[in-house]
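Two complexes, one shared chain (subunit A), two partners (subunit B, subunit C).
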Partner chain A sequence: MANHDVFREETIRSPLAHSWYIYQQNTIGMIALWALIFIGVLALIGPWIAPYPLDHQDVGALLNPPSWFEQGEVHFFFGTDDLGRDLLSQLIYGAQLTFGGAFITVILAMLIGSAIGIIGGMSRGMQASILHHFLDTLLSIPSLLLAIIIISVLGPGYFNTLLAVFLALLPLFTRAVYRAVHDELNKEYIIALRLDGATPLRILRYGILPNIVETFVSQTTRAMTSAILDITALGFLGLGAQRPLPEWGTMLSDTMELVFLAPWTVTLPGLTILATILIINIVGEGLRQAIIKGMD
Partner chain B sequence: MLIYIIKRLNVLVITLFLLSVVAFLLQRQVITDFVNTDNMLGDYQRYLMAMLSGDFGISQASGNPVLQDILTIFPATLELCLMAFIVSLILGVPFGILAGLSRGGSADYGIMTVTLVGVSIPTFWFAMLLMMFFSLHLGWLPVSGRMGLLYEIPVVTGFNLLDTLLSNQPYKYEAFFDSLQHLALPTIVLAALPTTEVIRQVRASIGEEMDKNYIKAAQAKGLNTFQIIKRHGLRNALPAVIPSLGLQFGRVLTTAMITETVFSWPGIGPWMVNNIYLEDHSAIQGGMLFIAAFVLLANMATDMLHLLINPLKRDELYGKS
Partner chain C sequence: MIVLSVNKLSKSYVQHHGLFSRKHITAFSSVSFELEQGKTLAIIGESGSGKSSLAKALTGVIAPSSGSICIDGVNIANKDHQQRCRQIRMIFQDPSTSLNPRSQVGRILRSPLLLNTELSEQEMDERVSDALRLVGLLPEHAQFYPRMLSGGQKQRVALARALILKPKIIVADEVLATLDVSVRSQIINLILDVQRQQKISFIMVAHNLGIVRHISDNIIVMHEGQIVEAGETAAVLDDPQHTITQRLLMNQQVKFRK
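And now, the complex of A and B:
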């Protein structure tokens, strides 16, 4: 067989590029990734592509079933609710509130929480010990309970929900990053780096950070799913976004009394939430596996 | 062991102290509009004393002492949580073993897929789906509440199942089955989360144990898989599951608050949400301290249980391993 490889040179990918290569072999993962990008795009440009404006009510079409039912009409693709609002438009608008809100919250919590975690992890003694024990105990209170506690102080509302979820996610990141940095810091290659006279900042940049990417990825997906679940749950309990904001959980609590009359107003928003979370979980798990393999 | 207990108690006390400070500052912020005092430390001291003697103040909504309100409501929540844990163990352990034994096989794949859906499904939506199907469509199970209104059962323990059996009404068995029926749907909803956790844990630890040499020795002796699992695998795999169950308790309690809201279960969830609406601050504060303290205590208790059952962990504690 002819060998076209004239220059017998092996390109060695960086571990991260290699991880990405491994991830691309994962078909389900790639489908989920595209779906995730799709939801992200919806959250970004949703208001421009939604078929109806947010406050549009069609009095002639109350409780229209979805278009695939016999009585359904195709211009209300997912049907309408009891006030004649188009369900599809509401869900598209809701992507911004639920998914977009969760995304921004998680990114902020990741940046700030990780920063605290890194500072704690790089320091030793009393400071680190206090942080460690304090976080341990704080983390035994689940994030939704923490969020409810914070909401009970701030009062209900969409912005307060985001703030509460942000505050509840902080310890999650701090704790995970703290632990990862701390474990990494005691390994021998770091000690070698230190003996070479590397400054702490350099150790952090070239020694530790590239090796704890997996922690970041798995924590971010966990935080993302729990942020969406928390935001929708708070919306459902009536503590989060209030109607007419079409936050997915709020939509569900609104249609609680329509369960019997119009089941689609319950199933469709719920399916949207479930699909979003499943997609995030699949992407996150795939990335994590790929990074672990890529590092080896 | 004693040293460890003292250590743990120490952390617990400090955390509760911090919690009480936060709660105090909140209350102060709300009340300063009415009372204008500058003596913060003295206020806090009085506040702490009141808390320690179980005086959480009086609920503005119901007019009863907050602690009394909580204590009448909380058993309903606890009953639900305990049932969910029992169901999760009954379902989770066998499926976890099955998945752990067939790692990478089709049974494992199927179980893990269901588990993934179980983690991803929003509680309130799951509850509404079950309610739509079993209560409205099939009409098998009641939609809401703890017991039919026809039965009158005196409250002894607060746990409905026990109370119905303890009472000496002529219809006590009917009442018992009625409250079981009412429990069914909320329990299934609530059990989803801990069950997935139990399955994952059991699968991981069984998978780990089964590769070890003593299992191979047992196989060489001629024991069949069932015997190996029963005598060796489970005994070494189960203790690792306990601490994660303890950590689940907080999440189950929170999920219970949502489930209760859907099923109009008269527990701490609807009570708390209602009080947040009413801005009943003494009730919110009391409820918050109570729930947080309960979760922390439950965690500590499972930690202790884990220590008692698992001698390996004790060695780790004293740096012997």
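And now, the complex of A and C:
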């Protein structure tokens, strides 16, 4: 067919669309993004696609090795643990607990933390100063330690873990957004917008927020990584989710004594945690680079 | 006709050093001058002489400590930006930092209209197109993002933003310093054209005395926050009375001779 496009129409992409275009050129980033979507889908519909229910125990198949071993059976794809529970099903359920829980926690922390950060950043004087120094104090404590302190008050349990991680992440977001907003407020284009007679809300909407997307992305990635690590670490220490909940860190600690007898019960959850964090970091770093490149 | 008269304008601020020691710093003090409609006033001086602070105080970026800024006899020193920006507008030094990189040129130009006028969507689009044409750009440039424009084009957009509310006075803070020579002369001619058409008064903060002599009618020489010499540009530059003015002139003439 003849080509009717005599003149190639140049469409003008917005900086964000341009950033997405740049990200699409990044092959590893795209693979990681699809893997991330896959984990997300697992977390979302895991209970319906897992081959065995959560409480299923097969007494005839204790410590079955994964299916690629000679003694392995294909209907226990990743093998079973010492109570005859299917490892694959456990890991799929665990995606909801570890990844899903971390995701919801991070989103909530981002919304609330950023809101506080924006209010702090836009205000001046005493109010901002108090927020500033209070958060600096909180930030000097590592997030896992902070979570352990909160757990020791609230008592162990999965929900308390999420709450503790949420509270530990909050100052991280607030501080990053506060700094970004504060830096942004001194830029000349914000002063120009103020001279136009813009209200603070309008300055925030059109001047500041579009220019601190990069902070949001990098901070969310970092928070997501740290949330997953904290949830699994607390689970591993026995402070978080308790068996029979198949939280990935809890699974690790539960099978630690089987490491010589049945190494797959330890390595597979461990590898899952590793892969998830790697994927999140690749996607996050790729997005950040794309946004920075999309700016100029 | 006198558009702007500034009377005993001062700005000083307190700088804290630790808990108890503080230092009063004077940016400029007791600055008085007048500006007629359609004329250009140049403010020159060494760096740190308070000329940029004065420009900022005039447009309301910083609030003056005392004194009055009267436009058509109305004191605007303590009024908010909305009342001020229809009278006096500012062009910043560096167009690459004064245009929001995430906003289309059209939106940058519409925002003052949206905030200060009651125009309909269509009228606003017309005003934006007119302003872009006035500064030598195309109406299509409204779709562009600042990163797609060259330095000179960005400065034109900045000028369009200043012009779009049809102000009486435009304050330009070293707008020519960051541009290269050919673009600089384009922008100078553009400013002179616009001034002739719209009878706008300009206040230029500048340091290139050649340009100052070319475009300005009156001149103020500042030193350490004070006006040390003022008058008609030709008279002051031909026969400088104060040592600071003489020194400034000498500096630049030496450069030309080499």
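Just a few scattered comments:
Here is the rule we go by: the second predicted complex is superposed on the first by the 287 of 296 C-alpha atoms of A that agree within 3 Å, B and C clash if a C-alpha of one lies under 4 Å from a C-alpha of the other, contacts with A are read in each partner's own complex, and residues count from 1 in each chain.
One rule holds in what follows: contacts are C-beta pairs under 8 Å (C-beta built on N, C-alpha and C of every residue); 3 or more make two chains touch, one makes a residue touch a chain.
Quantities reported herein were computed from a predicted structural model and do not represent experimental measurements.
Touch criterion met: A:L193 reaches subunit C, while subunit B stays clear of it. Contacts of A:Q71 after superposition on the shared chain: neither subunit B nor subunit C is touched.
By the document's definition of touching, of the two partners only subunit C reaches A:P210; subunit B does not. Of the two partner chains placed around the shared chain by superposition, neither subunit B nor subunit C is touched by A:Q24.
Of the two partner chains, subunit B is the only one touched by A:V153; subunit C is not. Within the superposed three-chain arrangement, the count of touched residues of subunit A is higher for B, of the candidates subunit B and subunit C. In the superposition on chain A, A:L274 contacts subunit B only, with no contact to subunit C.
Contacts of A:S129 after superposition: neither subunit B nor subunit C is touched. Subunit A residues in contact with subunit B (one complex) as well as with subunit C (other complex) do not exist.
Looking at the complex, you find that subunit A touches subunit C at residues 12, 14-15, 187-189, 191-198, 202, 206-207, 210-211, 295-296. The part of subunit A that touches subunit B in the complex is made up of residues 133-134, 136-138, 140-142, 144-145, 148-149, 151-153, 155-156, 225, 229, 232-233, 236-239, 249, 252-253, 256, 259-260, 263, 266-267, 269-270, 273-274, 277-278, 281-282. Taken in their complex, subunit B has these residues touching subunit A: 11-12, 14-15, 18, 26, 116-117, 119-125, 128-129, 131-132, 136, 247, 250-251, 253-255, 257-258, 261-262, 272-273, 275-277, 279, 284, 288, 291-292, 295-296, 299.
Residue ranges on subunit C touching subunit A, taken from their complex, read 59-61, 80-82, 84-85, 89-90, 92, 94, 97-104, 107, 111-112, 115-116, 143-145, 147-148, 161.
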